[in-house]
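A single structure is presented below for examination.
Chain naming follows the written order as A, B, C, D and E, and within any one chain the residues start at number 1.
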Amino acid sequence: MIAVDVAHAQGDFRLEAAFAGGAGITALFGPSGSGKSTVIGLVAGLVRPDRGRIALGERVLVDTAAGIHVPRHRRRVGVVFQDSLLFPHFSVRSNLLFGRWFAPPAERRVELGPVVDTLGIGALLGRRPATLSGGERQRVAIGRALMASPRLLLMDEPLAALDLERRLEILPLIERLRDEFAIPILYVSHAVEEVARLADRVVVLDRGRVAAVGAPDDVLKPSRGVAGDRFAVASVLTGRIGEVDAAYGLTPVRHPAGTIWLSGAIDAPGRAVRVVVRGTDVALATSLPRNVTIRTALAGTVDAVATGAGPNATVDVRLDGGDVLTAVVTRKAVDDLGLDAGDRVHALVKAVALDERFQV
Amino acid sequence: MIAVDVAHAQGDFRLEAAFAGGAGITALFGPSGSGKSTVIGLVAGLVRPDRGRIALGERVLVDTAAGIHVPRHRRRVGVVFQDSLLFPHFSVRSNLLFGRWFAPPAERRVELGPVVDTLGIGALLGRRPATLSGGERQRVAIGRALMASPRLLLMDEPLAALDLERRLEILPLIERLRDEFAIPILYVSHAVEEVARLADRVVVLDRGRVAAVGAPDDVLKPSRGVAGDRFAVASVLTGRIGEVDAAYGLTPVRHPAGTIWLSGAIDAPGRAVRVVVRGTDVALATSLPRNVTIRTALAGTVDAVATGAGPNATVDVRLDGGDVLTAVVTRKAVDDLGLDAGDRVHALVKAVALDERFQV
Amino acid sequence: ALAEGTVTVFAAASLKNVLDAAKPGFEQESGKTLVISYAASGPLAKQIESGAPADVFVSADLKWMDYLDKAGQIDPASRTVLAGNSLVLIAPVDSTAAIDLAEGADLAGLLGDGRLAVGEPKSVPAGAYAVEALTALGILGTVEAKFAPVESVRAALALVATGEAAAGIVYATDAKVEPKVKVLATFPADSHKPIVYPAAVTKSSADPAGAAAFLAYVETGPGHAILLDQGFTDAK
Amino acid sequence: MTALSPEAWTAIALSFRIAAVSTLVSLPVAIAVAFALSRGTFRGRTLVEGLVQLPLVLPPVVTGYVLLLLFGRRGPIGGFLESAFGVVLAFRWTGAVLAAAVMAFPLMVRAIRLSMEAVDVRLERAAGTLGAGPLATFALVTLPLSLPGILVGATLAFAKALGEFGATITFVSNIPGETRTIAAAIYTATQTPDGDGEAMALTLVAVLIGLSALVVSEWIARRAPGGGR
Amino acid sequence: MTALSPEAWTAIALSFRIAAVSTLVSLPVAIAVAFALSRGTFRGRTLVEGLVQLPLVLPPVVTGYVLLLLFGRRGPIGGFLESAFGVVLAFRWTGAVLAAAVMAFPLMVRAIRLSMEAVDVRLERAAGTLGAGPLATFALVTLPLSLPGILVGATLAFAKALGEFGATITFVSNIPGETRTIAAAIYTATQTPDGDGEAMALTLVAVLIGLSALVVSEWIARRAPGGGR
């Protein structure tokens, strides 16, 4: 949906990035100062790139070679800025409705009610931005961008100032936008889990360059980048929702390698679902342990063991059925168990370690 | 060290909070709009409370009954604001040095070099705040507050805009301040892990009231509050560092219930250490499993099993030696294994799930 | 004329008292409305030159009347002189100084290190007369450096009234009404050109008859008495 | 106050009308010029700035003469306005409005521009991303956020229009009921022997009107959206 | 330019000196008053505001009379200044400086105040938490961030001082070499039937000086810390 290929210099910093984002959520990931906000600014039309091309589907937004630079008010790109930038002279309500006035009537797909409810800002509607708390401001900023019914949503760390609970309430709203209205989203975040669970595609920036692009489970492998943080390792498994275990409030996800138990009831039997599993949440066993509280055990074969000088190792397990699940374990454990490529193993995942609210 | 007992109204919001913080880090925790920044503002002297008393050790900062209100520039309280508030007309260097000029020479304990290095802002010293990225701004703001060598540090979500790597580099700096200079810190954060691992004491605010106060492991139990989020459940275990396993880069922490393996070498044999374990990272086994990558197994007795209508249960395990470790498991697992108070269990904790960088 | 039955007079500000006093009588006698615009003679002349709706121009000196005359803006036949004035030397009322304004008078000595308030000679008629008179008395050189030139006679009067200036040269009519000054002496009439207030009907006047009637009313009619009453002199 | 002559009351009413109309009429122009100067990067910018500032640098009488030359009945602009639209400024109260507006223009533009330059351009950019074009952004963001400067500009202009007399009397003379403002009346009174009493009374009135304008503008500033920040 | 008489050159030099000195001398006072008005909540605020605004509302000649009454040798303030410090303003260029400063004061205060009120008080509070007392906060935060208004105020005051003549001539007369400024010289020239040539030449000079001041202030604004935002 979105294709970016730009070069832009500001001060000593030089951005030179080319990537394409799909229909869903494309995450921009990378350390502070790597150029994430700059990319957002270029796509939104806040900054004119030195050279390059930005296209949204068929529509060319920027093409310096062809002299095209669609002005920002014609881009219909909603932006949630890193520092909210609410209009100080308008009430919260007017801030929210601002973009709606300018959206073509036929495209006003987002209504005030649900946005306000989901963001929990009903009590703030008559207030001025100056009297809001940090998190309240950020929620209003999200609402303001949504209310413009944009064709592309750019979100620059929209949830950083929010508590987990609130974050978990807002994420489904973002996902609904993506799904119901087919609005692609470019999403800047520092939170690995958020990225791993939300994004269809991750673009990793590092000092102005694209260090990696791909599906979250590919990109977030330590061998493939992301500053080697083991907490950033995650795998995505695809399965089908089974019949809810009503007595225990658990939902089974049927996977060729076994059943993945999700905490909470998801009443959508047969629906395909992606489950994101953090590498640190996986343990491996050479024989199926009994009498343990871990309910999910997936069968597979060790594909590769990657070790280095550090204490940890990543073990790629090709699950029965084809998905690859990566586990992060200590090197000592690999040696103790004598794990090697080709070994049959059981991958143990705690049901409670999976966040059902993040699943789709 | 810090004692707060205030009432203050702004708009419809009413803060009525009394709590005391100790020598280390006191976390202010609570949902968006619960009054955290307001408390920071009251302690810093930005806002005059309607009534109440705030004291820092022997020193009374505010006492409305006695008509005392120490002006903010005499409080020597360093603040990292939620929206950085750097001086736009000064370079980064001048911003950093601002507070130092005003600190009594004898109390200028913090030097520019180490602060700049730790925050990774050496390349930015000549720049203006307007040209900084969001995370860069926040790092400079942290440095500015530190450089004033304050007697109390107030930090309002200082790390929210930062990536994990950077965050993990800055945390030790904050801890050093706390320890070397004995500067108490009031720390606002939405990140449960950050709070659980940093804080000596947690104050939970909810709609302007103190909902809970206590040690992290007490307060963050779901039964005791914090919005019932299972990811917020954490326990703190105290042990002694043993001899590093150099070959594997692991550090054993000796605990009466068994050995806790930390990823990474911490060369401080004999030192007492606190290890924070998230409830969702703990699995329970009625017999010690073999052939599993989980290296840490702590022996103990089930103290209590708390179940509700939801799919999950929290199991408090009194470990041998006395510490309580809380595990979050599915209700189904509790039933399958027939867990009940008095049962002997092994608590399994993945070494890699513990973040050695957070340990003290 | 601004409107039917109106006579518009552009007059030097120093004649305000006189003309305002004459207004009701003239209006009653002629049945016309009298509108008077007071300002400095220079701007008034330039305004008439650029098409101002004036029927009558009354100047405080000859030069601006001549200016309009040369520009063909007035009816030369209607040109007349309404009144005259005399020039006096004044000092603050508490002053004990005395002087006889004869040739070579020691005005410089009277001033000491004080100043002599006068109208700016280039722009204010009274200033020009003062320079002329001092020249005639042969003492300009001794006092010129002590001038305090201002933009109107009234300002000169104020400087003396406040004691700021040791003395000043103003019209007799001005000195008469200011209790904080006293007249030390009157300049001999032959030490300067006659001080006159020339008047004329403008070329563009829509009511030359009404304009002429006004001039007559002030020059020889009931207005004349008012002039004399306020200290103006006959200009012959 | 009963001491004031009917003529004086006429002058007061006229002054008030001239000050109000000149302020209101020049405000939009001043806003446009201030915006162009604060955001535009066109050629000849400094020239425009200088031109705007001119009436401040020149003695008011000179400005009056320039107006007389340009806008007088026989001046190029004045002649055109009269023949094309039948608009006559010379010696009418409308001419006094023009004089007051021209004299106050530099003050207005400067104050408004100052506020406009203090508006965070990032807010304007945010409005753009929400679909607001340049005009809408100006009307909904830049303009309301420049309100302090607009109010100050208007108050200064109003006050200046009350006190203006040099340019006015030179351009449109001092005709009672048409162009004799309080300031001109005060001036005339000061030029008259025994006019001090009237001058003082009129001065008092001028001061009172000026103060009221100030109080009103402060009141608006406080009540305005974003005022009580 | 060679057409200008030596007297004219004297007037130009004098005007420049008077404008520069009056701007520099009144700037600190204007800054202090603007700060008091923008942050203070003292009684009689509106009174002070009105007083500051007064010279704008009154015809300049009236202001000149008031100065004469107050600061003349026999005036209460003038008498005190002379007996206590031997300072004489009457008929001196220093008096012209006072007149220019008083006339320009409302413009200066308003511009500076506008900028001061736009300074984010949260930055001042942040300075406070870093140990800066009220004075240091003012000097290091409020003042530099008000620079745009200070520059505009200074430019306006300088321009106004160049053009001021009504109050000056009434207060300190029009003494060549001492108090005859360009504005007074232009005025005098315009009051002479054949003075148009000289008036035009002097006007040109005044305009040039005014423009230079403008250009200099813009240059400072651009180069100043925080200028190029």
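Going forward, a residue touches a chain if its C-beta (ideal position, glycine included) is under 8 Å from a C-beta of that chain, and two chains touch if they have at least 3 such contacts.
This one's a predicted model, so the numbers in the text were calculated from it and none came from an experiment.
**Student:** Please find the path from chain B to chain D through touching chains that uses the fewest steps, and give that number.
**Tutor:** The distance in steps between these two chains is 2.
**Student:** Which chains lie in contact with each of chain A and chain C?
**Tutor:** D
**Student:** With chain centres defined as mean CA positions, report which chain is farthest from chain B.
**Tutor:** C
**Student:** By count of C-beta pairs in contact, what is the leading chain pair?
**Tutor:** So the pair of chains linked by the most contacts is A-B.
**Student:** At what distance in angstrom does the C-alpha mean of chain E lie from that of chain C?
**Tutor:** 35
**Student:** Centroid of chain A to centroid of chain B, CA atoms only: how many Å?
**Tutor:** 26
**Student:** Provide the C-alpha centroid distance between chain A and chain E, rounded to the nearest whole angstrom.
**Tutor:** Using C-alpha averages as centres, the distance is 60 Å.
**Student:** What whole-Å value do you get for the distance between chain A and chain D if each is reduced to the mean of its CA atoms?
**Tutor:** Each chain reduced to its C-alpha mean, chain A and chain D end up 57 Å apart.
**Student:** Listing for chain A: what residues touch at least two other chains?
**Tutor:** none
**Student:** Using the touch definition from the top, which residues of chain E touch two or more other chains?
**Tutor:** Expected reply: 61, 65, 166, 187, 190.
**Student:** Between which chains is there touch?
**Tutor:** Here the touching chain pairs work out to A-B, A-D, B-E, C-D, C-E, D-E.
**Student:** Under the stated contact criterion, what part of chain C meets chain D in this complex?
**Tutor:** It comes out as residues 2, 8, 10, 13-14, 16-17, 35-39, 43-44, 46-47, 50-53, 152, 154, 173-174, 176-178, 230.
**Student:** Taking the touch rule as given, give the residues of chain E at its contact with chain C in the complex, in rising order.
**Tutor:** Residues 61, 64-65, 68-69, 72-75, 90-91, 166, 169-170, 173-175, 187-193, 195 of chain E touch chain C in their complex.
**Student:** So in the complex, which bits of chain A are touching chain D?
**Tutor:** 44-46, 71-73, 75-79, 81, 85, 87-90, 98-99, 101-103, 128, 130, 144-145, 148
**Student:** Can you list the chain E residues touching chain D in their complex?
**Tutor:** 46, 49-50, 53-62, 65, 106-107, 110-111, 113-115, 117-118, 148-149, 152, 155-156, 159-160, 162-166, 183-184, 186-187, 190, 199, 203, 206-207, 209-211, 214-215, 218
**Student:** Mind listing the chain D positions that touch chain A in their complex?
**Tutor:** 120, 122-123, 125-134, 136-137, 140-141, 144-145, 225-226, 229
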